[in-house]
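There are two complexes below, and they share subunit A, which is joined by subunit B in the first and by subunit C in the second.
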Partner chain A sequence: MGFRVGKYILVRAISLGLAVVVGVYLTILIANMGGHVDEIRKAQIWERVAIGVFADETLRMLPRQEREPIIKDKVALEAERLGLDRPFLVRSFSYLGDALSLNLGRAQHLTSDAGSREIRLILLERLPATLALFATANLLLFFGAIFVALFLSRRYGSILDKTIIALAPTSAAPSWFYGIFLILIFAVLLQLLPFGGMVKAPPPESVLEYALSLLKHMILPVAAIVISAIFIAIYSWRTFFLIHSSEDYVEMAKAKGLSSWAIERRYVLRPTLPPIITNFAFMLIGMWTGAIILETVFNWPGLGRLLYEAIALYDTPVIVGAVVVYAYLLVLTLFLLDIIYAMVDPRVKVGSGDRKP
Partner chain B sequence: MKILIDAIRQLARYPSAIAGLIIIGTLIGMSFYAVITIPYSEAIKLWQGRDGVWNEIPRNAEPKWVNLFPGINLPETFILNSEDIVSKSLQPLGGGIKKIEKRMEFDFGYDCFPQEMSLFFDATYDERPPHVFLTWLTPDGREINLAERRADAPYRISLDRDLAREIGGLAPEVGLFADPFAEEIVPLQGRYGLQITGWLFEEDSSLDVRLVVFGQVHGIAGTDHMRRDLMVALLWGAPIALTFGFLAAVGVTASTFIIAAIGVWFGRWVDAVIRWITQVNIILPVLPILIIVGTFYSRSIWVMLGVIIALSIFSAGIFVYRAMFLQIKGMPYIEAAKAYGASNFRIIFQYMLPKLVPVLIPAFVMTIPAMVFLEASLAVLGLGDPLLPTWGKVLKDAWVNGALLMGHYYWVLLPSALLMMTGLGFAMVGYALDRIFNPRLRES
Partner chain C sequence: MKKDGLLRVEDLCLHFRTNKGLVQAVDGVSFGLGRGLTLVVVGEAGCGKSSLARAILRLLPRNVHTYTGRIFLNGVDIMKLGEERFRREVRWSKLAFVPQAAINSLNPVVKVGNQVAEPLLVHRLAKTKSEAIARAREACELVGLPGDFLSRYAFELSGGMRQRAIIAMALAARPALVVLDEPTSALDVLTQANIMNLLKGIKQKFKTSFILITHDIATSSELADIAAIMYAGQVVELCNASQFYREPLHPYSQKLIASVPSLRQEKRPEFIPGQPPSLLNPPKGCRFTGRCLSRSNRCEKEPPLVEVKEGRRVKCWLYQ
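What follows is the complex of A and B.
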């Protein structure tokens, strides 16, 4: 058994590791447009050099034939400094190596608020904003949905149950869509809450005031996320619990006269724990990417906005940096879940391969 | 086929599904209306606004129906042309020079001022354009000299600073209609006139004028910051959203479904490869890649469609379908098919896939709104199709131009309402189908 588990874990690790390598390499190719971004960068360098040459009194006076080679030399030097002289294919692999070793390097255009070009610092600076927003919203969403779903599965068929089920289709719209309405109602018409941003400007000095301002700015985006997903989440958890509470062993527990809370805890929640854990894990890593559009609508300085800004500026190192961290988080989670399942869930047959991950 | 007919019959038992079907029907009707009344090329041309097609339409006008609300009486646009001329005279002055006098009159009965005023000249001349002298006549008998100018370019009355100074610093479109004796600035209702005195310097020269008084309301849907009638985009948004949603949903769900079946049937390395590609695909961030494609390559809606489908073929849904196909693979009827020598292809497409179609249909129906909103999301990020008018692009324009801050709520609400209707319509039908096809979910 121990050997089989060990071999299984090894195979999974290799397979997932390869997936990360390929996934990240594909991202590098796409984000560099298969090398075309380099052409854009070279053009930018040429423009910069040419302006520099024209700003120089002595060089400007030179005849065109003599000026051109000088510009060319300077461009070549700059390209060499940035490593643009090697063919893209070769560089793409060194990018891959850097990315996989989490040596994220420096951004081309973006800087952190502190002025650093280090991608690691830029990402770390944006992380708290995204975490504050999405941790709050997703935790509310996750535990709220499970709690309400358990409650409804007890009162299934009641008016409340039917109402919430009828509301499930509202989740077809994404969070930014509800964000617009929330801004319209609470910021424009009632003028109760701010339009966007993370804290008021200038940021308050005292910690308490800062926290209060942050909370005030968080209400609308958090509400938008929760509204856009809560009903579908309740719906699916409720269905899930209903299916599991019609199992024979639950009927048996009911026949024994156990309290409904005891039945839920021991006979419904426990066997359904693995999918709940899976969902929770994916929710956690989902926070890394933030939500590009929601953060744009609410002007929230998080990772999603960063990614969008990076793309708009063709800042490929930042894009690749954000993606590689996400890939690692995702794959580590998948791997841990695999191991936990293999150990905990007696129904998982290790090595047979015929099961849902 | 029988499954579908059964499903539709059963759908009738769910009120929400009926509502959903009505919404979908309305949207399809809207699409046909749009495509028939405004052909594709025409829609693109209108939305590009070339050749000044929107010149005589007010900017940011509210929809006309806001006047139905009590207490709101916003002016409509009106255009005065040769038909509104009440008196006209032509007097030769000798030397080929002619003096013409024209007088236009109209009734103004609104509680609000117009938004803008422009005078367009339609003059024919070889070298010397006609010269005009313009006088504004108010209902209380005042005469205001507007301008004296050559009739070779449109006279933007609202932009005339000299005129504004002359009438007390008010914007011309306000000052010309304001009641001089009222305490607040309110329009004076009654019959206004425009006196045009023109001199023609050539034998064959002629002069026609058109006064456009831009209102604050236009059409059923209002207009945007580029004077475009939003109705064009709202109508055309429907066929685009439905086509995009439908094609994307077909591409996304069907491909995943078929690949899952193929993997399960062949098993071993085929299955392993498919699962591994799926793992790679899960790592790729879909929305950032779409944004990259939109920024770097092409913003065409059809390119986006292709990329979305390509990225979704090996989506996590494969794992779900795999689990279901694995159960089917062991069923006796498949064994029987194998025994009498059915080909792999036949078993997959004739025996395995149809068995799970009931699971696929609700997923398919619910993918449509997701894709419609995805297109809108891309548009809101500024990656909407460069040519076609879509709901998402209208929302984006509204957002960028501060529609909410300026109080142009219709600009946000109308496209949102259509998007929401689409989302709700398909989702309601989808949930009902889910309950029909998956009896474990059925209510009591």
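What follows is the complex of A and C.
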């Protein structure tokens, strides 16, 4: 048994590790536009060098034939410093090695608020903002939706049930769409809540005031996220619970005279725990990534906006760094899920043919 | 028929709302059942047998339109009880159920033993969990399920074993009445015979009453004391089982018996021409008219279910 478990875990680890390698390498290729970003960066270097040369009194006076080679030399030197002289394909693999060993390197343009170019520091600086916002919103969304869905599955066909189903298409619009309207109503018209940002400027000194200010700034973005997803989430969970509460064993539990709470707990929630846990895990991963447009709309200093800025500036190391962190989180979650499944569902057995005594 | 000691059902109706209209699955069914006796409800597929079981057990789907009538269990009209009182006082402790699809009737993630013991704890029939488990073990051994099966999960059991586990679950609380809805229809012939013998033994040992819903006339004969023949949502004949098997009166009952292959006699099994009527719009008058060979003009009016002789009741103009 021990050997089988070890082998199983090893196989899962290898296959998931392979997925990370492929995913990260594809990200490197895409973020660099298959090497085309190099051309853009070379052009940027040439432009910068040329401007520098023209700004230099002595060099500007030189005739064109003498000036050109100087510019070329300076460009070549700068390209060599940045490693642009080697072919992209070769460099792509050294990028891959760095990325996988979490040696995220330095950003090309972006800096952290403290002024560092270390991508690790930039990411770490943005992470708390994103986590605060999305953890609140997603946890609210997840447990709220499941709770309401359980309630509705008991009241199938009621007016409340029909109303929520009718509202489900509202989730077709993204969260930033609702964000704009919320800003219009609560910040512009009613002037109750701030337009955006994470805390008021300058940030309050005391911890309590800081927290209160943060909460006040969080209301609108959290509301936008929740509104944009809650109805479809309730709808799908409700249908999920309806399907699983029409199982024969649920009816049997009713015939046995169990209370409706006991039926819900032991006969609906327990057997459906694996998909619920899966959803929860993916929700957890989702809250680490932030949301590009929502954070931009609310001027929220999170990872989403960082990614937006990095893409706009062709800052590929930042993009790759963010994706690598995300990929590792995803794979770790999947790996843990495999183990949790085997714990909550007796039908999932590690390996096969082995039966408990 | 003797006094209706344990159960008396009067004018039970269960109608469902569907997209196509009203389905009259159970339409004015009445019968009585004495203690320790077994009532067999026979009929074709779709005649409302299972709905009758559900109506008695109050296991109703969401689209119920009409649910009326009186069901007296030990003299108490259980139709009048509220949902919570019905759950506490009747469900399982007095009225247990063995469903059609026993294969899927066990919770896949709870050990079988815990599921068998569960109702004992819910209804406070056992004081502690270990006492409940001990009684569950007893019940399992009674139905021929080895004690170590208690710590297994449903997916580790075969179909017959699961069926036994469900029966053990029904018996553990010692209910007065067990409703069995085609308990053997999903099993192979050998297992069917085993389960039937098991039920027979239990009936003799504990004087438990059964309502056995089945379309299998042959296997039900071993257990039956009283037979109710259902056709299109109504009971068309109600009599002692031996009378039904030997000398059925209603034209439909006669056809049913004639359709059963016989081991000793050299007669070919017959079939009943035509289709059972839709319960959406059952025909006016006698519902069997369309397929009946002895129909006459009288059959346009609905015949009453009247006592013919020796307590036999038949719903046919031929015996009025």
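One rule holds for everything that comes next: the second predicted complex is superposed on the first by the 332 of 357 C-alpha atoms of A that agree within 3 Å, B and C clash if a C-alpha of one lies under 4 Å from a C-alpha of the other, contacts with A are read in each partner's own complex, and residues count from 1 in each chain.
Just so we're on the same page, a contact is a pair of C-beta atoms (placed from the backbone, for glycine too) under 8 Å apart; a residue touches a chain by one contact, two chains touch by 3 or more.
Note that the structure is a prediction, hence the values are computed from the model and not measured.
K.L.:
Would you sort A:Arg270 into first (subunit B), second (subunit C), both or neither based on which partner it touches?
P.N.:
Touch status of A:Arg270: second partner only.
K.L.:
Quick one: is A:Val37 in contact with subunit B, with subunit C, with both, or with neither? Answer first, second, both or neither.
P.N.:
first
K.L.:
Considering only the touch criterion stated at the top, classify A:Val199 as touching first (subunit B), second (subunit C), both, or neither.
P.N.:
Touch partners of A:Val199: none, neither subunit B nor subunit C.
K.L.:
Given the superposition on chain A, which partner contacts more residues in subunit A: subunit B or subunit C?
P.N.:
Partner with more touched residues of subunit A: B.
K.L.:
For A:Met252 in the superposed arrangement: first (subunit B), second (subunit C), both or neither?
P.N.:
second
K.L.:
Does subunit B (first) or subunit C (second) touch A:Gly157, or do both, or does neither?
P.N.:
both
K.L.:
Find the residues of subunit A that appear in the contact set with subunit B and again in the contact set with subunit C.
P.N.:
Of subunit A, residues 156-157, 355 contact subunit B in one complex and subunit C in the other.
K.L.:
Taking the touch rule as given, give the residues of subunit C at its contact with subunit A in the complex, in rising order.
P.N.:
57, 59, 62, 87-88, 90-93, 96-97, 99, 101, 104-110, 118-119, 122-123, 153, 155-156, 166, 169
K.L.:
Write out the stretch or stretches of subunit A touching subunit B in their complex.
P.N.:
Touch list, subunit A to subunit B: 15-16, 18-20, 22-24, 26-27, 30-31, 33, 36-37, 156-157, 162, 165-166, 168-174, 176-177, 180-181, 183-184, 187-188, 235, 239, 242-243, 289, 292-293, 296-297, 307-308, 311-312, 314, 319, 322-323, 326-327, 330-331, 334, 353-357.
K.L.:
What residues on subunit B touch subunit A, complex-wise?
P.N.:
16, 20, 271-272, 276, 279-285, 287-289, 291-293, 295-297, 319-320, 322-323, 326, 366, 369-370, 373, 376-377, 380-381, 395, 399, 404-405, 409, 412, 416, 419-420, 423-424, 426-428, 430-431, 440-441, 443-444
K.L.:
Considering the complex alone, what residue numbers of subunit A touch subunit C?
P.N.:
156-157, 247-249, 251-259, 262, 266-267, 270-271, 273, 344-347, 355
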